[in-house]
Amino acid sequence: MGIRVAVAGASGYAGGELVRLIAGHPELDLVAATAHSQAGSALSAVHPQLAGLDLTLSATDPAVLADADLVFLALPHGQSAALAAQLPDSVKVVDLGADHRLTDAAAWESYYGGPHAGAWTYGLPELPGQRAAIAAATRVANTGCYAATITLALAPLVAAGAVEADDVVVVAASGTSGAGRAAKTHLLATEVMGDLSTYKTGAHQHVPEIKQATGARSLSFTPLLAPMPRGILATVTARPTGTADAADVLAAAYAGEPFVRVLPKGVFPRTAATLGSNACHLQATLDRDSGRVIVVSALDNLGKGAAGQAMQCANLMLGLPETTGLSAFGVMP
Amino acid sequence: MGIRVAVAGASGYAGGELVRLIAGHPELDLVAATAHSQAGSALSAVHPQLAGLDLTLSATDPAVLADADLVFLALPHGQSAALAAQLPDSVKVVDLGADHRLTDAAAWESYYGGPHAGAWTYGLPELPGQRAAIAAATRVANTGCYAATITLALAPLVAAGAVEADDVVVVAASGTSGAGRAAKTHLLATEVMGDLSTYKTGAHQHVPEIKQATGARSLSFTPLLAPMPRGILATVTARPTGTADAADVLAAAYAGEPFVRVLPKGVFPRTAATLGSNACHLQATLDRDSGRVIVVSALDNLGKGAAGQAMQCANLMLGLPETTGLSAFGVMP
Amino acid sequence: MGIRVAVAGASGYAGGELVRLIAGHPELDLVAATAHSQAGSALSAVHPQLAGLDLTLSATDPAVLADADLVFLALPHGQSAALAAQLPDSVKVVDLGADHRLTDAAAWESYYGGPHAGAWTYGLPELPGQRAAIAAATRVANTGCYAATITLALAPLVAAGAVEADDVVVVAASGTSGAGRAAKTHLLATEVMGDLSTYKTGAHQHVPEIKQATGARSLSFTPLLAPMPRGILATVTARPTGTADAADVLAAAYAGEPFVRVLPKGVFPRTAATLGSNACHLQATLDRDSGRVIVVSALDNLGKGAAGQAMQCANLMLGLPETTGLSAFGVMP
Amino acid sequence: MGIRVAVAGASGYAGGELVRLIAGHPELDLVAATAHSQAGSALSAVHPQLAGLDLTLSATDPAVLADADLVFLALPHGQSAALAAQLPDSVKVVDLGADHRLTDAAAWESYYGGPHAGAWTYGLPELPGQRAAIAAATRVANTGCYAATITLALAPLVAAGAVEADDVVVVAASGTSGAGRAAKTHLLATEVMGDLSTYKTGAHQHVPEIKQATGARSLSFTPLLAPMPRGILATVTARPTGTADAADVLAAAYAGEPFVRVLPKGVFPRTAATLGSNACHLQATLDRDSGRVIVVSALDNLGKGAAGQAMQCANLMLGLPETTGLSAFGVMP
């Protein structure tokens, strides 16, 4: 008899990945998977990769979820707070949505609109002090996928004073699963295959989270939609303050980390190498012409950028070894 | 201290997948990974998805391999026999190459040329009697990826007399990893993305293996190269002999099988649902116009079509539960 | 002052391709482009590739269309007949929909349902006698994309008695644009990239059209959805009746044709080579094991499979050189 | 009898695209297409999209080329200068290689190594004064694909003093055809599909060309390899100097241009919209958080980034209308 977990929002891509991870986790039992319009469907009808996992999606009922030891909320952004408020304190919660990430209510209101639900413990174990905080928490706000990619690349450099916190420029490309599973014309395969484009150019709602988590004071962030299902590649540039080697600073920050890896000198990250895993790969160099520090960061937006990260946090919250049921090795090619 | 295994040909795609599976297997220790031109390279330099796995590729030396309890041979076709002959009988061997699959020396010589190395136990546990044979064997010839896809779709129907063994027509599309990792112009991303084509049209060397394993007497097999890295989808058509429901015959044949799944009525296989897993998904129907039985079969050519299948066989040969270290659930989307 | 043409259904993929072809055509003036829900939008807002073409989509009003010399109907299947009935006889019409393709009312009702609108001249100029018929017609039913691909491969062989008309087996894979532009979850990029699947397995509604156009008496047709935006590759197999070389029969049938090309011996078609063009590439061989004739056929489903074919017919109907504004050379890579 | 043109390096991707454009050009006759290792092959054996174009690749012989009125050099970088030196002055030359682009010999030697061949007229007609210079030239150095994408986005802003020339940050993603047609493992479809990565990170050899053409004084340029065959999307950020609207500045600079288009406010470029065309699409905005100007630029690396641009220059040099044989409309989807 394992630890009882539930997934709310199991019909989406992050929800499906959570169920896959739970199915392969030696200590967890999935007691409920809930959905909205898909409630009543077989889980495997919604997620063909889970054929053989015999479970029916139920409606998102707080009473059902309250029966679990830990609940993952993988709901559309903006729907977590109301549901979380109906769960007893005894139930641990990891929220994959944005509702509880920002400490600054004004930033929330400016970028998302609506009332601010308040901040929970931020779910990025590799930040200084955060691992213990997560282990002690009953409510954890999982990082966003872009924020995870960029924060792992930049936060140690800002914290060490190795780069200026002003005028950070980031361009990050994401696979399409980051845009969710709702049927929209511009996300059709016919539109995306063979195509690259920017979106929310100049005004992405994740900027406040990224600034909060990285310590950047000024951030130009341009996201790209890339013709692949999964993966984020971020190119993070900032002006160096001195002569510290950025790759060395990163390597020191992540020494001993099971999932964050600074690659050997001269080897740069590829998103495919992280597919299906909880790994984040990093590399840094100095730009020859401009002198800027360039950090390249890659992860799976549904792995370390969502479900994998959430599982890592859940392991910590449940007192399990942090790596249980997770892999650092991607499915490649 | 686990069971000691080695991989010869670890620099290729199947070899890399084997190492990934071994790294996640609770009972196996990888004691050697060998290669030819890449000997001396870090494993993670050749397989970026294995970053953090600290191992160097060594030259393919029988003495090194002989130190393992079980050796996986993931060599280019035609190179297994000579190496296998140098390994002591006490070392179990699973050969992912074609060298030891065919029982018919004439067929070997006709399609492959060169002397026939003799047949080993055929590594498809779901065939009647084969699970026990593999468990008892010290030498197993892993199925080819096309043969696995097609045999799982067709063999029970031929065995049950539900379809005619003559005039079977198969069209099967494979992702590009099935073509290996050698640098060839026609396999460049620029050539393949956005493109579909047939290859070896009318004369594929796997026809004898497929006929041997399925019981088909006459087979038109046309392979397609599809613009995706992994996955095989086979469309197998044959004339029915009576009124038996093909899907029911398949469901009965695979009842209780952990990795082969006949999908619910009306649901057809998708390759993506099997990515990175050892699953094979099947469905059958009657063609409305022609009356032919159509069976659709999907698997991951590097999973159930190569490395996953090999691990399943190895588990049987080593007396471990057959599913150890393997997943039936694909990484999707 | 050129010939006045209009496009009804200009917001879809075939409609957009028609507008692109018209824009590059030296004799045609586009006087109206109509749409349903997109009426009122700038054409270039709906088709980004037409940026700079200054035209607004109007509502689909027969009075507007009646002002043209020739109207292309690129409407969802089933909507052409009602609109066409409202256009005066003096306006030439090419219908890209299925409504007027079938001569057999019973087949129409069985596969499509609803009343049969009656058959128009079939728009495949390369069929014997059809070029003159199209040139003389004021109403032409453009071929379907699968029908064009398969008919060009098979019809000359059936007509010549080189293959049996019974037990023809076809597997054909299409890029996603063939499924249209409506937003559907299973057509999202996230679902399709890296995936292959069959659809409408065993019962596709184009079977009667294909039988009518090819002369096949019994047809097993399985369509696949391929992870690419455009292109169809068909594998057509039939039993030979004698020793005629199928490639020679095809070469003789298409001698002098500007858009249908039998490739040199040993060279097989690739869809990418036809992208954006009106070309169809063919090759044939005998299957070594089964003795079946295998014909492989490739074209662009929006080119020779839809808009290109429609323009070729329009050129004939308008007394222009058949190749005007069309290319036989694909955009590749 | 048209104008006689030849293509040296016709076996590569840019060479193939040049031949396609020449085949559709009403005034040009292709009198020779030369290659190195492919000399003697049928052109259509090397470029399947040119099936039906009956020409054999010849060896790259200056005497053969000298017989043309204009020669396109589409050779590997570094091979143009030696060949060009052997062509008489009476033969016009457009060089698609880098050899004659840089005016600064020191920059050449620093980034490329070897002796500097000297600069030719720079082949970007949309730069002030450049159209006339090209029309008057007999030797033109075609822009590089990245340089074209970035220069069209940035040069008018620097020239107008609307942005600072220091600390320009560019991230640009290219489809794989930009990497050429040589068989390399890291460019295999299996490696690239589903993957994003940077390359030549921090030290790309096109930086001097981009600085020369744009007027940027300091440039951080990071290129990405994207999983698609064609297309470049550049994200160019620079600090504004005042309150000038960058999109307005660009629109004014390109008013009347046939191929460069600033999209309507709020619409951002997509590479697919330029596929197979000579179009470049632009849009600009202010980043909300950092205040940087962001310009997004998209084109087809083989179109406006190579062969299309070269044809535009050739038209000017030959006294033909600049748009002859070129389209501003992409093949999409």
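Each chain carries a letter (A, B, C and D) given by its place in the written order, and its residues are counted from 1.
Simple rule for what comes next: a residue touches a chain if its C-beta (ideal position, glycine included) is under 8 Å from a C-beta of that chain, and two chains touch if they have at least 3 such contacts.
Bear in mind that the values here come from a model prediction, so they are computed numbers and not experimental data.
K.L.:
Write down the chain pair with more C-beta contact pairs when A-D is set against B-D.
P.N.:
Answer to which pair has more contacts is A-D.
K.L.:
As a test of understanding: of all chains, whose mean C-alpha position lies farthest from that of chain A?
P.N.:
C
K.L.:
Could you grab the centroid distance between chain A and chain D? Build each centroid from C-alpha atoms only and quote it in angstrom.
P.N.:
Each chain reduced to its C-alpha mean, chain A and chain D end up 38 Å apart.
K.L.:
Would you kindly tell me how far, in whole Å, the mean C-alpha position of chain D lies from that of chain B?
P.N.:
Here chain B and chain D have centroids separated by 44 Å.
K.L.:
If I count partner chains per residue in chain D, which residues reach a count of at least 2?
P.N.:
Correct list: 13, 175, 177, 190-191, 193-194, 227-230, 270, 272, 275, 333.
K.L.:
Report the topology of the inter-chain touch graph, choosing from line, ring, star, complete and other.
P.N.:
Drawn as a graph, the chains make a fully connected set, so complete.
K.L.:
Once bound in the complex, which stretches of chain D touch chain C?
P.N.:
My answer: residues 13, 16, 20, 23-24, 42, 45, 47-53, 177, 193-194, 229-230, 261, 263-264, 267, 270, 272-277, 279, 281, 327-333.
K.L.:
Within the complex, which stretch of chain C touches chain A?
P.N.:
Where chain C meets chain A, its residues are 13, 175-177, 179, 181-185, 187-194, 227-229.
K.L.:
How about chain B: which of its residues touch chain C in the complex?
P.N.:
Checking each residue of chain B against chain C gives 167-169, 171, 173, 175, 190-191, 193-199, 201-203, 207, 211, 218-222, 224, 226-231, 233, 235, 237, 268-272, 275, 283, 285-292, 294, 296, 298, 333.
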